[in-house]
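In the two complexes that follow, chain A is the common piece, with chain B as its partner first and chain C second.
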Partner chain A sequence: MYGLEAISANNGWSIAVVGITIVFTGLVMLSFCISRLHRVIDFLEKFPDRKERAAKKKADKAMKKNGGVPAFTGAEKESAKQYRLLARTMADHFSLPRLLHLAEISGLDKPHSRLNMLLEAGIINPDTEGYYTWDLDLYRKIVDRADKDK
Partner chain B sequence: MENLFFEFFQNTGFFLCDYRNIVMILIGIIFIYLGIAKHYEPLLLVPIGFGMLIGNIPIFHGLGLGIYEDNSVLHYLYFGVTSGIYPPLVFLGIGAMTDFSTLLARPVLMILGAAAQTGIFLTFLGALALGFEPNQASAIGIIGGADGPTAIFLTAKLAPALIGPIAVAAYSYMALVPVIQPPIMKLLTSRKERLIRMEEPREVSKREKMIFPIIAFLLCCFLAPAALPLLGMLCFGNLLKEAVVTERLAHTARNAIIDTATILLGMTVGASTQGDVFLTGQSVGIFVLGAFSFCIATACGLIFAKIMNLFLKTKINPLLGAAGVSAVPDSARVVQMVGQEEDPTNFLLMHAMAPNVSGVIGSAIAAGVLWSLMV
Partner chain C sequence: MNGIENILAGSVVFSRAGAEGRQRIASIAQKWSVREGETLASPGQKASSFFLLGSGTLMLSMEEERALVLNTPGDFIAMELLSSKGVYKTRVTVLSGGHVYALERDAFLEMIREDSADAETVMHAWKTFLENTAPFVKKQDHAVTGFEYAY
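Coming up: the complex of A and B.
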């Protein structure tokens, strides 16, 4: 059998149409997906930034509400108190790495981030000699306010 | 003693030689010449050409030497072809070599890779019209995909008896891309169209490149599961390349594995073209249809690119459509060459790689579709 008759007898037209359609569908779908891929990746890459920004905004709002004093959560205040106890065992002008070391060997929760929190809040401040001092007034404001709030 | 000499002479190639062996040996020598002197796909034509010499040494059957004789060494090596082992290994290496960034930068060019696959299905119809069986017609049509490993893989599954002529036709036309494509490209495009410059592609992040093979694999294989052996290896190889941490594996895939598979594939396919098996009317038909398939695939890509230009704000150079046939990277090089004949400062190679690699994916899907429809 030859010619159009052979094509029809072997279901050739349908096979060709189905084949072309599947190849086109596959590549068009893939093309669509990869054209959106970089946007999805951009969104996911920027997501941590957005989360950070939202957290900062929340902290600023809480600080404003607190009369310009940073607002600590319960666990953060507990850490601040533990750091205070450690700082008391040292001189007024103390070494920050030493304080961190003491926090680590004392088993304080998240010693690095909590120390950073105290620095950002301004409770621990650098002096001109390369050492650090403890701002007791600010510390009391933050911690005492929390205790009063309780 | 004379009898002994005469008996020995009767077993020599000089005595057993057939004119068909001589023809095939000459073709083999031409392949080697084209590969070495003209640099037409030397990595393929030289092994195939030498394989033709191996396969056409006249031997008497029973010694266990011929590729079609059970337990011969060549038969064991040929098992990798007939069982479809070598093509996926070649695809693994291609994946580990291919950079999909131009495709990721302009995904719309991927459609050109699909358009060029239309030639496969039109040739399938042509082969049916000429009286080939549907499974044979499918194997012949895939020549238009211009992808040797895919053509061999599908033929091994659907029409193992045609592996020799189809593989030789596919690789010959792939090698002849610089000869076959330019006249069609010039015929179907105007000078003004050939002068179109492409926009600079955007930067593609490493993360995009890493995610692409996973998405491509899942999407295409869910749609056409029969494409799994080829696309799975292609995407796996590409993931090895892009993952960075697996650089050692990617290095092996794009060097040792693909080279070994190509040597064995080329040599055994060449050896399978024994004159008495190869030189038939059917082979001539396959060669004619293969050329038709290749030309149609090129034309479909070009015409589709012109159609796309009717709807796109930023026009694309329609020459890119010709790169939709998946002869990587030769058809992309031809696009660059034809484009630069009009404007030597117009660099299309990088852009042409997008439809080119998309053609590889498209032809693998087409092979999967044909395989599943024929079984």
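Coming up: the complex of A and C.
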């Protein structure tokens, strides 16, 4: 028995139809996944931004709760105090890279992000010549307030 | 619109350039994720890239121990701020992590040197940005020295 007769006798047509259906369904699913891929990439790309926004929202909320003054955690307050000690050894208008260098060699915890925290809080402010000043009133307000809250 | 197009559209330096000009800028940019404490450029290194801030905070350490802190998406770290004669003169340190777009220096200077409205708009916006954010930085007169030599 050969040819079409043999195919019919051994369920060849049904097997072929099942095979075609499986391959076709697989291809449809694959093309669907590829067509949605840009959404997955978009989501992954925007994920860090969402994280940042959430962190900012949290900080804003804490600041509002603290009467418009940034709220520092215990460790942040400690870093602020250590930075203050270092800044006191410098001129009123001091160099920010030098302050960071001093913080690094003194072994301060997370010197870069903690310096950024002081800048964002407004404790360290730029002048017009590329040097920086320390707002002692704001520093006292933030650190003293945190002390009282303890 | 993808990430860099949004950043360029909101950038003080690039927002007034046409859509086509911004697209050309986007085509020479590479997205880099940056971490706290990382150094993106050091004085004396060959200046291969300019940087467009996507997110995070960067500190630019300049001559005479001056510094500039940039944290607004779209801030541009380039030309007088960053390099001279094809060599970095500024150290760029990451204070808080995020991402930057590294723009190929040569390709960017090639674009900006063209006799086009977009090039003129970007250069004008750049001068204004520089005056507002870093008035202490010495301006380069590229009309005398040429772009390649000046930056």
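One rule holds for everything that comes next: the second predicted complex is superposed on the first by the 146 of 150 C-alpha atoms of A that agree within 3 Å, B and C clash if a C-alpha of one lies under 4 Å from a C-alpha of the other, contacts with A are read in each partner's own complex, and residues count from 1 in each chain.
Throughout what follows, contacts are C-beta pairs under 8 Å (C-beta built on N, C-alpha and C of every residue); 3 or more make two chains touch, one makes a residue touch a chain.
Since we're looking at a predicted model, the values are computed, not measured.
**Q** Report clash or fit for the pair chain B and chain C bound to chain A in the combined superposed model.
**A** Partners fit side by side after overlay.
**Q** Of the partners chain B and chain C, which touch A:Asp60 in the superposed model: first, second, both, neither?
**A** neither
**Q** Given the overlay on chain A, how many degrees, to the nearest 10, lie between chain B and chain C at the CA centre of chain A?
**A** Angle at the centre of chain A: 80 degrees.
**Q** Touch test for A:Asn10: chain B only (first), chain C only (second), both, or neither?
**A** Touch status of A:Asn10: first partner only.
**Q** Now for A:Tyr2: first (chain B), second (chain C), both, or neither, which partner does it touch?
**A** first
**Q** Quick check for you: in the superposed arrangement, does A:Leu115 touch first (chain B), second (chain C), both or neither?
**A** second
**Q** Which partner does A:Glu129 reach: the first (chain B), the second (chain C), both, or neither?
**A** It touches chain C, and chain B stays clear.
**Q** May I ask you to decide whether A:Gly26 touches chain B, chain C, both, or neither, giving the answer as first, second, both or neither?
**A** After superposition on chain A, A:Gly26 lies in contact with chain B alone.
**Q** Please tell me which partner, chain B or chain C, touches more residues of chain A.
**A** Larger number of chain A residues touched: B.
**Q** For the superposed arrangement, tell me the lowest C-alpha distance between chain B and chain C in Å.
**A** Between chain B and chain C, the shortest C-alpha distance works out to 9 Å.
**Q** Which chain A residues are contacted by chain C in one complex and by chain B in the other?
**A** 45
**Q** Flag every residue of chain B that touches chain A in the complex, lowest number first.
**A** Touching chain A from chain B are residues 103-104, 107-108, 110-111, 113-114, 117-118, 120-122, 124-125, 128-131, 133-134, 137, 202, 204-205, 207-208, 211-212, 215-216, 219-220, 223-224, 358, 361-362, 365-366, 369-370, 373.
**Q** Would you mind writing out the residues of chain A in touch with chain C in their complex?
**A** Against chain C, the touching part of chain A is residues 45, 48-49, 52, 95-98, 100, 110-113, 115-116, 119-120, 126, 128-132.
**Q** In their complex, what parts of chain C are in touch with chain A?
**A** By the definition above, chain C touches chain A via 2-3, 33, 36-37, 55, 57, 59, 61-62, 64-69, 71, 91, 93-96, 98-99, 134-136.
**Q** Under the stated contact criterion, what part of chain A meets chain B in this complex?
**A** 1-4, 6-7, 10-13, 15-16, 18-20, 22-35, 37-38, 41, 45
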